[in-house]
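Got some structures for you, see below.
Two complexes come next, and they have one chain in common, chain A, joined by chain B in the first and chain C in the second.
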Partner chain A sequence: MGFETFVQTFANALVLGSIYAMVAVGLALAFGVMQMANFSHGELFMAGAYVVYVLYSLVGLPFLVAVVAAFPIVALIGMLFERVLFRPTRGNVLSGFMATAGAGFIMQVLVGQQWGVGLMRSVVVPYKGSAEILGAAISWQRLVIIPATIIMVGGLWFFLKKVKAGKGLRACAQDPEAAVLQGISLNKMTSLAMLLSGGFAGVSGALMAPIIPVTPYMGHVYGVTAFIVVIVGGMASIEGAVLAAFILGFIHTFISTVYDSVTATMVGVLFMAIVLVVKPTGLLGNVKV
Partner chain B sequence: MTLLLELKNTAVHYGKVEATRDISIKVLEGDIVTLIGANGAGKSTTLRMISGLVRPSSGEVLFEGNSITHLPPEEITGIGIAHIPEGRRVFPQMTVMENLEMGAYLRKDPKEVARNIELVFSHFKRLKERVNQAAGTMSGGEQQMLAMGRALMSSPRLILMDEPSLGLSPIMCQEIARIIKQIHAHGSTIVLVEQNARLALALADYGYVLETGDVALEGKAEDLREDDEVRKTYLGM
Partner chain C sequence: MSKSNSSSFIWLPVVIVIGLFCFAPQVVSAYRLELLTIFLINVILAQSYRLMTTTGDWTLCHYILMGVGAYATGILAKKFGVPFYAAMPLAAVITVGVSLILALPLSRTIGFAFFIASFALGEFIRHVWLKFHTPFGGARGVNGIPKLEIGQQGDWYFIDFWDSTNFYFFTLIFTVLALLVLYRIDRSRVGNAWKSIYADSELCESIGINVTRYRVLIFCVAGFFAGIAGSLLAYQVGSIDPHNFEMVEMVYLIIWVVVGGVKTYWGPLIGVFSMSLVFELARPLQEWRPLLFGLILILFLVFMPGGLETLLPRIKSFFLGLVGKKEVR
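Entry: the complex of A and B
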């Protein structure tokens, strides 16, 4: 691998790790606060991409506006899921699985009916051209994902560590019953967790809309990847999810550049298996939210 | 003395299992009332019912004469009842300061909260030295102090304490007892659940002896200390 290819691959890995991180932190947060996994998380990502497709490609609003709008729109879907899927099934993992997996399929069908299934929706690249970095060319469209991730994940970190409601989320993740005894409403906190979870998935999908094909099924692979990231990171750990996202981003990008993407996926899964054998709770399994 | 808390013929079921049967308890403002009894007698269940974590299947809970039987637990905290749960249950990955802040979650005025933190530090000098330590890395006694401090942060009228001496060394038990007295002297009403009946009856004004979900005996703490049955079963004399 030449130096140029190395820089190129390194940058691609950073971008991929960033997007994995942004998708996965929401899943980890929701799991931490609710102790329930959201099997429609990938569809929230897909919803974000469709927000860009509709607002930017169809309506003609600026790309940035569409990306920002994806946060509240998909956050609302997340809150709706909390209200109608998670709250009624709280504490029952199997019901939660069926309810959320079902909701994911329903979203795919609804989006397919509204905007079509067969043809992929093309989103014209808003940020054309490439940045020259140490001789490698990295498209602006991908590059913006890195600062976006720093802002989003940094913002989440600040919220969880410094803002009262964010600390309430951490308290709920660490001991829900003790949190309730402090006067923290579990319903409000699970709602807030799903709001953030949806918002992060939505923005991730929005940022990827010009880069990958926009289809009703596009969320699947990102949902699965987010699960792998969260399992490797330690289920309820935000920091673990970020760490695992970049490790898997680098593994995937470098191996698919040198070999191919099938090998890369296999090595990624192998890595997960090794982590789980060596440390069954994940990399940072004892760090809760 | 006014009646602060009253349980009227309360029963609690966990599914089909009957945990408590017919418990009636009165707590006068300013008193320390203790509930003693063997493992599984229903002491924790009774406290959990008062704070709304479990619902009575029959009977009523009155606080200052108003029924709180159906209030959600976060609102029960809001009206001035703090519950220090069995096993301390501090937030392990939050710092001492953050744990105290969570105790003040419903308080609005930051100045009052700051004053309250100073009050907690005056009761628990050790917490002040450890404000930035993760709660989960503290010793059992320190965690108990933090759990008590956290409860004080809501400025409660009534404090429910579930086995504060559990698993602590005799010296630490004495320290906790001293602090309970101090908190009580500050004007709090306390319901104290203890397996350590000696400690509990030394602190309390009034006591209830629970046996398999029922009140077997009640009376002034000084009378219970002299009761033959209590001496034999709970004080080991």
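Entry: the complex of A and C
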């Protein structure tokens, strides 16, 4: 591998790691607060991409507006999930998980019937051209994901550490009963967690919409990867999710450059299996689930 | 729930159902008969999955294990010309071997992580099929698996398996045998140990049940039956590819089991029967079908978490006007 290819691959890995981080952070947050996992996290990602498709490609709003709009729209879907699926099945992680699998089916069918299944929806690239870094050309459309992730994840970190509601979220994640005794409403917090979780998935889908084909089934791969990331990082650990996202982003990009993407997926899963055998709680996690 | 006096009562419907299945080829069309064959294979799969869930470990790779059996059969029968009486047991043994390897990392996880890790490892196997063209045939899979053969044309014991009725009965025999064995396993000492692991695994450890070993064992036993089911599937459809064993199929398997319920032996049977019926009736809906099944899954999980098997007790307690405690999973 030449130096330029290396730089190119390195930059791609950073971009992919950023997207993984943004998708997985929401999943880890929701799991931490609710002790429930959303199987259709990938479908929320898909919903974000379709928000961009509709608002930017069909309606003609600026790309940035469409991406920002993806946050509240998908966040609302996330809240709906919480209200309709997670609240009735609270305490039974498998029920909630399987119920969201059903919800994923429903979302795929609805989106497919509305905007078509077969043809992929192409979204015109809004940021054309590419940046020249150490001899490697990286398109702006990809590069813009890195600062976006820094802003989003940094914002989440600030929210969790400094804002009262964010502290409430962390309290619920640590000990729901004690949090309730302190007067924190568990229902409000789980709702907030799913809101943030949906919003993050939506924005990451929105940012990826011009780069990857937009189809009703596009979210599956990202949802699965998000789960692998969260398991490797340690369920419910946000720092772990970010770390694992970049590790897996690098593994996936470098192996698919040298070999092919099927091998890359296989190595990623093997990595997860090894982590599970060596440290079942994940890299930075301390709860065994 | 005292079952001792009702157990003799339950065998009468069982005999009637088996009789109906024996009679079925007389009345249904050839196409329907193939659907029925697939249904019988699904019964083995659902029932073995129910066994798996008795320790509380819901795997997401049961379908993949079925695929392992199907691939093993396909490759053995096609590339090596192995006859069915050797290919089927070999396929089952290979599936058990794969289950054993998978169980080693999986047995270190419980509950939710088990669920996800099993899914990821299943995807790993599916990618192995996709990646290696020899012997798995890549994305196109294994095609032209020879039909089952018993004897040659002209032998007195020759059975022509191009006739779908004969293969239907072949499958029926295996299904009934598998169900009987699974029933015995469920009632055995080992079966009770598995159920006690679900109830309280720490207590089990303290009275000398090696929880890890038992969890590995159940994974292998369930894998064995999934392998048999896969083997039958390979002979039935004649060609298999990695797309046959995608996540969607696994979700349908979960829907069967959730709709039926897993507390009793009969739950998955009710589930797989009712959902197969709905699946066929919903054929005109085409692309809307996943939506229907998603809704069914959600409605059952939210409003009837015990599945259809709890329907009768519920109605009973409703009519008796008892406040009675709800059956929780």
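Some notes on this structure:
FYI, the second predicted complex is superposed on the first by the 286 of 289 C-alpha atoms of A that agree within 3 Å, B and C clash if a C-alpha of one lies under 4 Å from a C-alpha of the other, contacts with A are read in each partner's own complex, and residues count from 1 in each chain.
One rule holds for everything that comes next: a contact is a pair of C-beta atoms (placed from the backbone, for glycine too) under 8 Å apart; a residue touches a chain by one contact, two chains touch by 3 or more.
What you see is a predicted model; the values in this text were computed from it and never measured.
When both complexes are overlaid on chain A, the residue A:Val68 reaches neither chain B nor chain C.
Applying the stated contact rule after C-alpha superposition, one finds that A:Gly168 touches chain B and leaves chain C untouched. Of the two partners chain B and chain C, more residues of chain A are touched by C.
In the superposition on chain A, A:Val180 makes contact with chain B only, while chain C stays out of contact range.
In the superposition on chain A, A:Val125 makes contact with neither chain B nor chain C. After overlaying the two complexes on the shared chain, residue contacts for A:Val224 are found with chain C alone; chain B is out of touch.
Once the two complexes are overlaid on the shared chain, A:Ala103 sits against chain C while remaining clear of chain B. The interface of chain A with chain B overlaps its interface with chain C at residues 288. Touching chain A in their complex are the following residues of chain B: 51, 53, 72-75, 77-78, 82-83, 85, 89-94, 98, 101-103, 105-106, 150, 154. The part of chain C that touches chain A in the complex is made up of residues 58, 104-105, 108-113, 115-117, 119-121, 123-124, 127-128, 130-131, 247, 251, 254-255, 258, 287-288, 290-291, 293-298, 301-302, 305, 329.
Chain A meets chain B in the complex at residues 164, 167-168, 170-171, 174-175, 177-186, 287-288. Residues of chain A that touch chain C in their complex: 37, 84-85, 88-89, 92-95, 97-99, 101-106, 108-110, 112-113, 117, 220, 224, 227-228, 231, 235, 260, 262-263, 265-266, 269-270, 272-274, 276-277, 280, 288-289.
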